[in-house]
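Data first, discussion second: the structure below is written as structure tokens.
Order of writing sets the chain letters: A, B, C and D. Residues in each chain are counted from 1.
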Amino acid sequence: MTKQTYTTGLGTSNADSITLLGHDLASELLGKTSFGELAFWLITKKRPSKSELVMFEAVLTALADHGFTPTAIAARLTYTSAPDSLQGALAAGLLGGGSRFLGVTEDCAKFLADTLHAHTSKEPGARLPTNEVGWDELAASVMAARKQEGKFVPGLGHPVHKVQDPRTPVLFALSREHGTYGPHLALFEAFGRVAPRVLGKALPLNGAGVCGAVLADLGLPMGVLRGVALLARCAGLLGHLVEEQTDPIGIDVYMNVDRNIDYQPPPR
Amino acid sequence: MTKQTYTTGLGTSNADSITLLGHDLASELLGKTSFGELAFWLITKKRPSKSELVMFEAVLTALADHGFTPTAIAARLTYTSAPDSLQGALAAGLLGGGSRFLGVTEDCAKFLADTLHAHTSKEPGARLPTNEVGWDELAASVMAARKQEGKFVPGLGHPVHKVQDPRTPVLFALSREHGTYGPHLALFEAFGRVAPRVLGKALPLNGAGVCGAVLADLGLPMGVLRGVALLARCAGLLGHLVEEQTDPIGIDVYMNVDRNIDYQPPPR
Amino acid sequence: MTKQTYTTGLGTSNADSITLLGHDLASELLGKTSFGELAFWLITKKRPSKSELVMFEAVLTALADHGFTPTAIAARLTYTSAPDSLQGALAAGLLGGGSRFLGVTEDCAKFLADTLHAHTSKEPGARLPTNEVGWDELAASVMAARKQEGKFVPGLGHPVHKVQDPRTPVLFALSREHGTYGPHLALFEAFGRVAPRVLGKALPLNGAGVCGAVLADLGLPMGVLRGVALLARCAGLLGHLVEEQTDPIGIDVYMNVDRNIDYQPPPR
Amino acid sequence: MTKQTYTTGLGTSNADSITLLGHDLASELLGKTSFGELAFWLITKKRPSKSELVMFEAVLTALADHGFTPTAIAARLTYTSAPDSLQGALAAGLLGGGSRFLGVTEDCAKFLADTLHAHTSKEPGARLPTNEVGWDELAASVMAARKQEGKFVPGLGHPVHKVQDPRTPVLFALSREHGTYGPHLALFEAFGRVAPRVLGKALPLNGAGVCGAVLADLGLPMGVLRGVALLARCAGLLGHLVEEQTDPIGIDVYMNVDRNIDYQPPPR
């Protein structure tokens, strides 16, 4: 049942015109759409409203760069070693966008979505909470159950921002202001509120986790959330690679490792 | 002389705050900067003016997706084979961003910049042309010299848009409208005008080449122009990967190749 | 507790000598070790016996190339697009080495190891079977339990070799001949024997799965089994890239897709 | 003229058999070919002689690992960040296999091949030297010409092994012993002999450069020499990734960079 045609709704062209997302690229898009808008549109096949766009771009801004992360250092070292291939250095940096560093955004969103789904499909007529008390009740029962299983709630806690992740309150405020605050954010916020009571200590809501909840409330498909984080990081990595061209650190990282080897060969 | 500190001007953080490009991320950037603006800023260390941003985003829009390019197909096949690693599929797609496909943007910009530099450094007091006649003269002499060496001018001609690349007139018009039309665009436009006279046939200015000239006139460093094309393509590839999740073609591409093998083993 | 020194037991060098795995590279290894032997040694920190090496190289041979797999096509398309970066094309090919295609080797080995571990740790004094009847009993009970959960046994069945994977009997025979046949192979073989009885139909033992069992019986760490498959595939991909240099198919794959687009733009 | 069939001479299969390089994988190759032999065969489409294989494997051994190179560190950092994707970490490491680090092998071989070609095609009947005096004469004239152009001879000198690269004399001796010493090695050796006279100082022949000359004398296509270095490095990187699983350094590298930031934001 192999198909002989290949379906896409993104770009296509003929001798006279280029079409993107069903629009004429030259006359309808160039100079008339921002890159953030286009990225949202390419991913969801839906042009964002102004509010959706603000939130999407806030997430991209929040995730673009965190300084010398392992991924940024890996990209720079790859550039040191192969300066002829900028795409290789960028790709090396993005390959670190997996479970541990960029994963919080995706993991948190999936956990929230799964929890919401489990709640509403538990019994006929089950509904999502409509007020803070209701959300807290749901969050507390889920958190208590996970605690008993020895599992944590994804997106709670941050290795550096131990009291509060500075991105968190701003992303919540923007979501309310722009009318995109939905059940994922409501549930995540409730987890933050009930943590002291259920876990015995306050834990900050991780900003990258909030980003996941924002994107889920915007309706982005779960399977691409990691991709949004990668797009954001792509811009940050390009910044690092320009810095590596003008003010390199790759050789120093390498030398500081290579000069401090503790050599432990296997037994002969 | 290995340094023990590592310089960056991008992101950094402490327990209470996150700083990006010298600004407080939470209070000064989130919700207040578009992703295109941030990307320009990360790459150039300079916040773009409104006009610069329109042109930068027009370029990103022009380069984001061209349908089933080899890079898009490679990304989709990689996803087919390793759906657990979205970052791997994205990286595979970006790795095709080399000399042949995405290279026009960079090659064209470099050629224009080198030509301008050679002209002004040829003799003391040499200046760039100030009118169309002057640009045509410069373009014609350079083009004639290359013709004699059997070399072409990068960015002239397009495999599909044989008469006119539809992006080209719009990008020129936008550059004029937004006041970012500079010597790279002027020289490239002149190459288009003199081609019939010097080469004996009209050749369209490749839109990806115009993008290179636009970015060069915006002052972006040459070494990162390929990176801008990669950032644009990152958005397009994410669109392809979402389509691959919902309406896959990877398996069909694979089967249509694998069922039509012409097996030519080496002699035994 | 960040360490300031970096431990390795692989390579190191000073002005006069290069050391690899605790041996002098120049006088003790060059011309005296095969590449397969070195790879086994680098991965396990143990020089293989002659028998271990035969089995390790048989696995590498079995996994090196399967013709136009998605990964081989992705590598070739990437080379088409960026011929200046052989490493990028190779990396793109390896990035497909994930859960679906190369994953069988790893998944099968892990499943076998987990099953063996569960059996021996179930009760004090529990031992592995010592004869075929015992292995069949263990295999049948595990397979029946998985069937009830709606799960399959990794490594059973093959999309092309529906009756028998031709690699399978040879790998079993070689393992017996070389004395490396151990509990992972014994259990896997038993799954094959009991399948008709438990599942109601015979299923061939996938050769890539047998490779996983062979490597597990050789004592390779589970975390690197996918890496062995990647090393094998690295050689195959280089073969494809040389073919792409001399007798390219990338452009044809691209054109045959790009000319058969079914364009389905999103609603405006 | 797009082709509808796809040519390969590597692997293919049907329901009953798997063919590799025109041989039945199960009955003719498994257990009967070493991995090094298979790799040579896949790349060149020619089964190596015993002598060719020794030299090929000596090169792979010489290039497999150099400790904490930028590529090894990049692979480890990528694993730190995305431990779920071994293939991504391996790919990141290989992406550093570009012009600067792994490039010597390829650059040196190409330079030697170009020099030999230029010499024999200079005039009708021109032949390669037949003794040391002749080789020295050729080497000295080429080296003097390059010196005048301000260019160096690729493969001369080594950042660590300033007097002698320990791999160099062994590789030359092995080539002589196995009868694979040809014009590329002869010319490279001559460059080493004449350097003191022409450049005024002795420069060691870089071992990675000798590897390039060995591979060229074995008749490997120039376009794949970088690939041989990548295959060798693949084994070394797997060793590093196993070490990263058991005795990690990635987090320490990251922390030692991230704690020593010199933050230089752009002017506001």
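Just so it is clear, a contact is a pair of C-beta atoms (placed from the backbone, for glycine too) under 8 Å apart; a residue touches a chain by one contact, two chains touch by 3 or more.
No experiment lies behind these values; they were computed from the predicted model shown.
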{"item": "Touching subunit A and also subunit B, the following chains", "value": "C, D"}
{"item": "Chain whose average C-alpha position is farthest from subunit C's own", "value": "B"}
{"item": "More contacts between chains, A-C or B-C", "value": "B-C"}
{"item": "Centre-to-centre distance between subunit C and subunit A (centres being mean Cα positions), rounded to whole Å", "value": "32"}
{"item": "Geometric centre distance via CA averages, subunit D-subunit C, whole Å", "value": "25"}
{"item": "Length of the line joining the C-alpha centres of subunit B and subunit C, rounded to whole Å", "value": "39"}
{"item": "Multi-partner residues of subunit A (each touching 2 or more other chains)", "value": "4, 6-9, 12, 67-68, 82, 84-85, 87-88, 91-92, 95-98, 102, 249, 253, 256-257, 261"}
{"item": "Partner subunit D, residues of subunit B touching it in the complex", "value": "4-9, 12, 19, 21-23, 45-46, 82, 84-85, 87-88, 91, 95, 257, 260-268"}
{"item": "Residue ranges of subunit D in contact with subunit A within the complex", "value": "67-71, 73-75, 77-78, 80-85, 88-89, 91-92, 95-102, 249-250, 253-254, 256-258, 261"}
{"item": "Subunit C contact footprint on subunit D (complex, rising order)", "value": "2-4, 6-18, 20, 24-27, 29-31, 33-36, 38-39, 42-44, 54, 56-58, 60-62, 64-68, 85-88, 90-92, 94-98, 102, 160-164, 166-167, 169-171, 174, 221, 223-224, 226-228, 230-232, 234-236, 238-243, 245-247, 249, 251-253, 255-256, 259"}
